[in-house]
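Heads up, the next two complexes both have chain A, just with different partners, chain B and then chain C.
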Partner chain A sequence: MAMSRARKKTVFEVGRYTILVIWLLIVAFPMFWVISTSFKPDHEWFAWPPVYWSQEPTLNNYLNVWTDYSEYEDTQYIKSLQKPWIALRNSLIISLTSTFLAVGFGAILAYGVSRYRILSETRMFQLLMLRMVPPIVVVAPLSLYYSTLGLLDTVIGLVIVYFLTTLPYAVWMTKSFIDEVPREVEQAAMILGASRWRTIWEVVLPLVRSGLVATFLFILILTWSEYLLALILSKTEVVTLPVELSKYEGSTEGRVYGRQAALAVGVTIPLVIIGVFIRKHLARGFSFGMVRR
Partner chain B sequence: MATEAAAAIPGEIRAGKREMTQARAVRRFKWSVLSVFIALMVGVLGPVLFLQLYFSFHDFSIYLGSWWDAEFAGLEIFEEVVTDPRLGIAIVRSVLFAAGSTLGCFVIGFGLALLMYRPFRGQALFYIVFILPMLTVPIVIAYTGEMLLYQKGPLNDVLSWISGQDVNVIWLANARMALTTVMLLEIWNWVPFSFIIMIAGLASLPKEPQEAAQILGASKWRIFLEIQLPLLRPVIILAIILRFLEAMAEFPKAWSLFQGGPGSATETIPIYLYITTWQYFEVSKGAAMSYVVMMIMIAIVLAAIYFLRREKRALDEMYGAADEDRAG
Partner chain C sequence: MARIELQNLRKEFGRSVVAVKDLSLTIEDGEFLVMVGPSGCGKTTTLRMIAGFEDPSSGEIRMDGATVNELEPGDRNLGMVFQSHALFPHKTVAQNIEFGPRMQKIEPETRRRRVREVAEMVRIAHLLDKMPGQCSGGESQRVALARTLITEPDTFLLDEPLSSLDAKLRREMRAEVDRLHQELGKTFIYVTHDQEEAMTLADRIVVMRAGEIEQVGTPLEIYSDPVSLFVADFFGSPSMNLIPGTIEKSDGDVVFRNARTSISLPPAFSGAEPGPGTLGIRPEHLTVGTEGELVEKIHLVEPLGKDTLLYFDYGGEDDLIAIVDGVSSYRAGTELGIRFTPEHLFLFHESGRRIGRAG
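Let's turn to the complex of A and B:
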């Protein structure tokens, strides 16, 4: 029996929403679990059957992680921790600085490539190798080199590697925005007598501003969540948030899920806000000009 | 004053001269930008690659005092590395892991993109929720995984509730399951990546060929297979290649959940390199090993870049006419 057109459409709609809702649940469940765990008192962390909604929700985990308040002040794991505020400050300084440098320098380079082809297409693709060859293959000699220079465990050391590893994305992404500004606009400004720098500053820059912001936030996400380089190149002084988070394991008390969850929520929220804010530009960050509009 | 002087010169010569100064200005701009970059590369990557080469040929571990006193070992270390079965297994494991998670990400991401690229009620909400895993710090995903996956844990509980039977998967402690567990977490983490690229690709496809085929009476399935899929090829290749490369380098989840274990079940290339250098402190072996791995990765990346360029050139040709119209 052939289905009518309308009937077919309904079946399709029902199927679509079913699949989407299933995936929605798969995505949401782990997130729900972290958030829920961050409000649980310690006897509910490992309870069986698992506790989904805490019977006695508490803010202790958050207070414990983010303030001086501690109900376990004397235990080993609390003593071995830096307060996350220091890690937060390090993370902010390192990721903002390196991202700012990468996007600033990347945008200048991208402008040159877009307008004067100062890098051939071959060179532009070779640039990608900085990102695509995994950093683990050079990080051992790098850490020795850094320790010779005194850059190990410093902000500058991490900023340099983050700058180099995110530069390819910065150049490609800003170039895709600059390419969209028609040359005629610039030519018109120059015919009207504006100097080259004034043209760039007052004509091109405002047109690509939102693109630069999107690139900035995109790269901020990458550096904020970086783990391996931060783990190896920083030891005690400039620990970043992801590394700080990994310190909540392996102490004599076992895992402290509630506090880990409370910190994890704090680490993730800025990225989620940023990501949702630039969601329309995310694809462009990864697509190297291959997704056209 | 300069303009007055310039005005005195006949038009043609002036234009020529301006072009020359323009070319010189561009050159100066080019080298002042590039010199910064090149200086940084030479200053950072140069010594690093030299050190790596040095350690590959000199027997050194941190117990042996200063690195510049290390003994020359010739090709011995390389020989040890190349004949090390553990490295071979780690490479195979990495490739399996990367291939499996890439396939998973791509199939799910593309499927979701196909369901979602045309406007429908709730599109924005689903889109925002679906990109969330990509925005979550990988190390957070690892610890979340651990909270969910221990044997008497919430995931097994939920699976039991759904299936109505007692589900008791040993996600973390079972050597045969461990790599799959990391793979599932990697897929959960990066489905959004394939999803956003594929949905952007689908949305950017030209409408005319599809409409033409529809008018000619082609079925939806045939339009998909014979029009959309070929047009999407560059985007598909992009999504697969980038994901594969990133999965080859995956470290935070595998490391913080398993440290290579149980046994050596999750010992991928990055993990084995890390263990060699930072747990066994065999700096020389680590250096020689990373040399081998680096060469393999460079070969893979060069192949990847070759494919990406080929696709991009095809795209540029396809859109070239339109761009030229715009450029006038």
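Let's turn to the complex of A and C:
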């Protein structure tokens, strides 16, 4: 059966969009479910058949998680009241500090690799391979070290471990942006009398800014949502949001899905805000070709 | 003042690549020196060593007698125009031009005045508020020039500055560069692979080949007295006719012979050794008429307006080309005699070395 060109094209487009829509549903459904659940009263959390749109939407979950307000005074859950704010503060301090450090040091290293080849191709690859080791493998010895060094359950301890584990990504990503800056542009600045640092500040940095921002967000997302290391290296004193989130399961009154969802939404919002804030850099940064020549 | 001496300058990349081989050269103050040669012959590497972007593997660079090998690029009092222009893409044209004076901590007032002056000098005053991305190729080139001019360097280094422009613009900018050199009276070191650019701009031409200097001389010397087949073939458009054959000697007479013809050579070539060789003659030194050393059919007629080129297929690799007057009416297929003006003949040894060169 011969199909006309136009028809073939239509069939192709329909197929393409069908796949994309299915994919979108797969990706978006969990997000929808979390947001929807966060507005459900407790009897809808595990109703069967499932409730997609709450019949009696409520803000109680949010109020309960994020404020003093509670209609469940007697539950054990109430004892951890206000912890989310502490976890949020911890998460912000730890993620932002370690991400700044990783991107900063990563960029300096990447500049050296790109311009002075301070690391060979092999070393660069090894650096990335290091990251391929599952964290669970190193977490036991690491917690031994940490306990000896007194770093268990400290903000600094987590900052160090996040900084070190994300540094390889930072080097690799920022290097790809620095490689894009033509050497001749730098040399033009130098022959006009700019020092090496001046050149980096005035010429290189502005040209890789979008790339650095994209790298920053990428690494921030990694550390923001990191669970395993945070759980094992800091159980009690310094609790981060992902660890806090996990505490809402298995408490005495059963599964508190609504609260967990309300907390999860709160965990996500800061990232969304940052993302919106820097969105003009992201499109350029993530396209990996941001230097206009 | 800037008299630049290069002494046994050498640059190796890794173990196997020798980009520049023991190059020695003196560039006089105020001179327009053009380094020319095919791609990959080491021109850029030489220029970058002078600029200080590459450390020589060995050898010395002196400016006005003082060794500058250890000086940073910014301390050598040089200006460089890159092949890629290398403008700062995130700064306006004015900011690009202002960069040099700003690094020299010159007063903002003075800076702004100088930017204007220089911009007018290269006719880009109307572009000052634009971004480099909004400038055309020729405009970017002028901005790059202005950015260098404003720092008033002793020496200008230009690496194929016009190669990214189209033919018409290239001629225009060539005139511009020439004018700037005459106005400023500074030393210009200009790199190109275009022989025509070299011929029209240079006070002196340095012909480079595979990391070495093949010949140094004025454009006229290079054109009329090349040391080798390589130089002879490189300069001139259309290029020199090169006819392979053998050099033979009989009774003290030197004769050049190939399948089609045999030409007895003037006494200047009496020292030539018999053996394979190449005879060269420029198209303008061939005369056509009813008889000559060669008799061939015209293969192609190419009128260029003022001149007309006649192509003869004499059985060699390339056609033989003769230049005749533009108004003459030759037609393809006509048989003509081709005469070689004896005093304009060149003879080359198998190795490419010129034979019988005076002096």
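We take it that the second predicted complex is superposed on the first by the 265 of 293 C-alpha atoms of A that agree within 3 Å, B and C clash if a C-alpha of one lies under 4 Å from a C-alpha of the other, contacts with A are read in each partner's own complex, and residues count from 1 in each chain.
Here is the rule we use: a residue touches a chain if its C-beta (ideal position, glycine included) is under 8 Å from a C-beta of that chain, and two chains touch if they have at least 3 such contacts.
These figures come from a predicted structure and were not determined experimentally.
Applying the stated contact rule after C-alpha superposition, one finds that A:182 touches each of chain B and chain C.
In the superposition on chain A, A:228 makes contact with chain B only, not with chain C.
Of the two partner chains, chain C is the only one that A:206 touches; chain B does not reach it. Touch criterion not met for A:85: it reaches neither chain B nor chain C. Of the two partner chains placed around the shared chain by superposition, neither chain B nor chain C is touched by A:277.
Ranked by how many residues of chain A each touches, chain B and chain C are led by B. By the touch criterion defined above, A:194 reaches chain C but does not reach chain B.
Common to the chain B and chain C interfaces on chain A are residues 182, 184, 291-293.
Across the complex, chain B is touched by residues 16-17, 19-20, 23-24, 26-31, 33-34, 37, 45-46, 48-50, 52, 105, 108-109, 112, 116, 118-119, 121, 125-126, 128-129, 132-138, 140-142, 144-145, 160-161, 163-164, 167, 182-184, 196, 221, 224-225, 227-228, 232, 241-242, 245-246, 248-249, 255, 257, 260-261, 264, 267-268, 271-272, 274-276, 279, 282-284, 286-293 of chain A. Residues 182, 184-185, 187-195, 198, 202-203, 206-207, 291-293 of chain A touch chain C in their complex. Of all the residues in chain B, the ones that touch chain A in their complex are 25-26, 29-30, 33-34, 36-37, 40-41, 44-45, 47-49, 51-52, 55, 67, 108, 111-112, 115-116, 120, 122, 126-141, 143-148, 150, 152-154, 157-158, 188, 193, 196-197, 199-201, 204, 234-235, 238, 242, 245, 248-249, 251-252, 256, 269-270, 273-274, 277-278, 283, 286-287, 290-291, 293-294, 297-298, 301, 304-305, 308-309, 311-312, 315, 319, 326-328.
Put simply, chain C touches chain A in their complex at residues 51-53, 72-74, 76, 78-80, 82-84, 86-90, 99-100, 103-104, 133, 147, 151.
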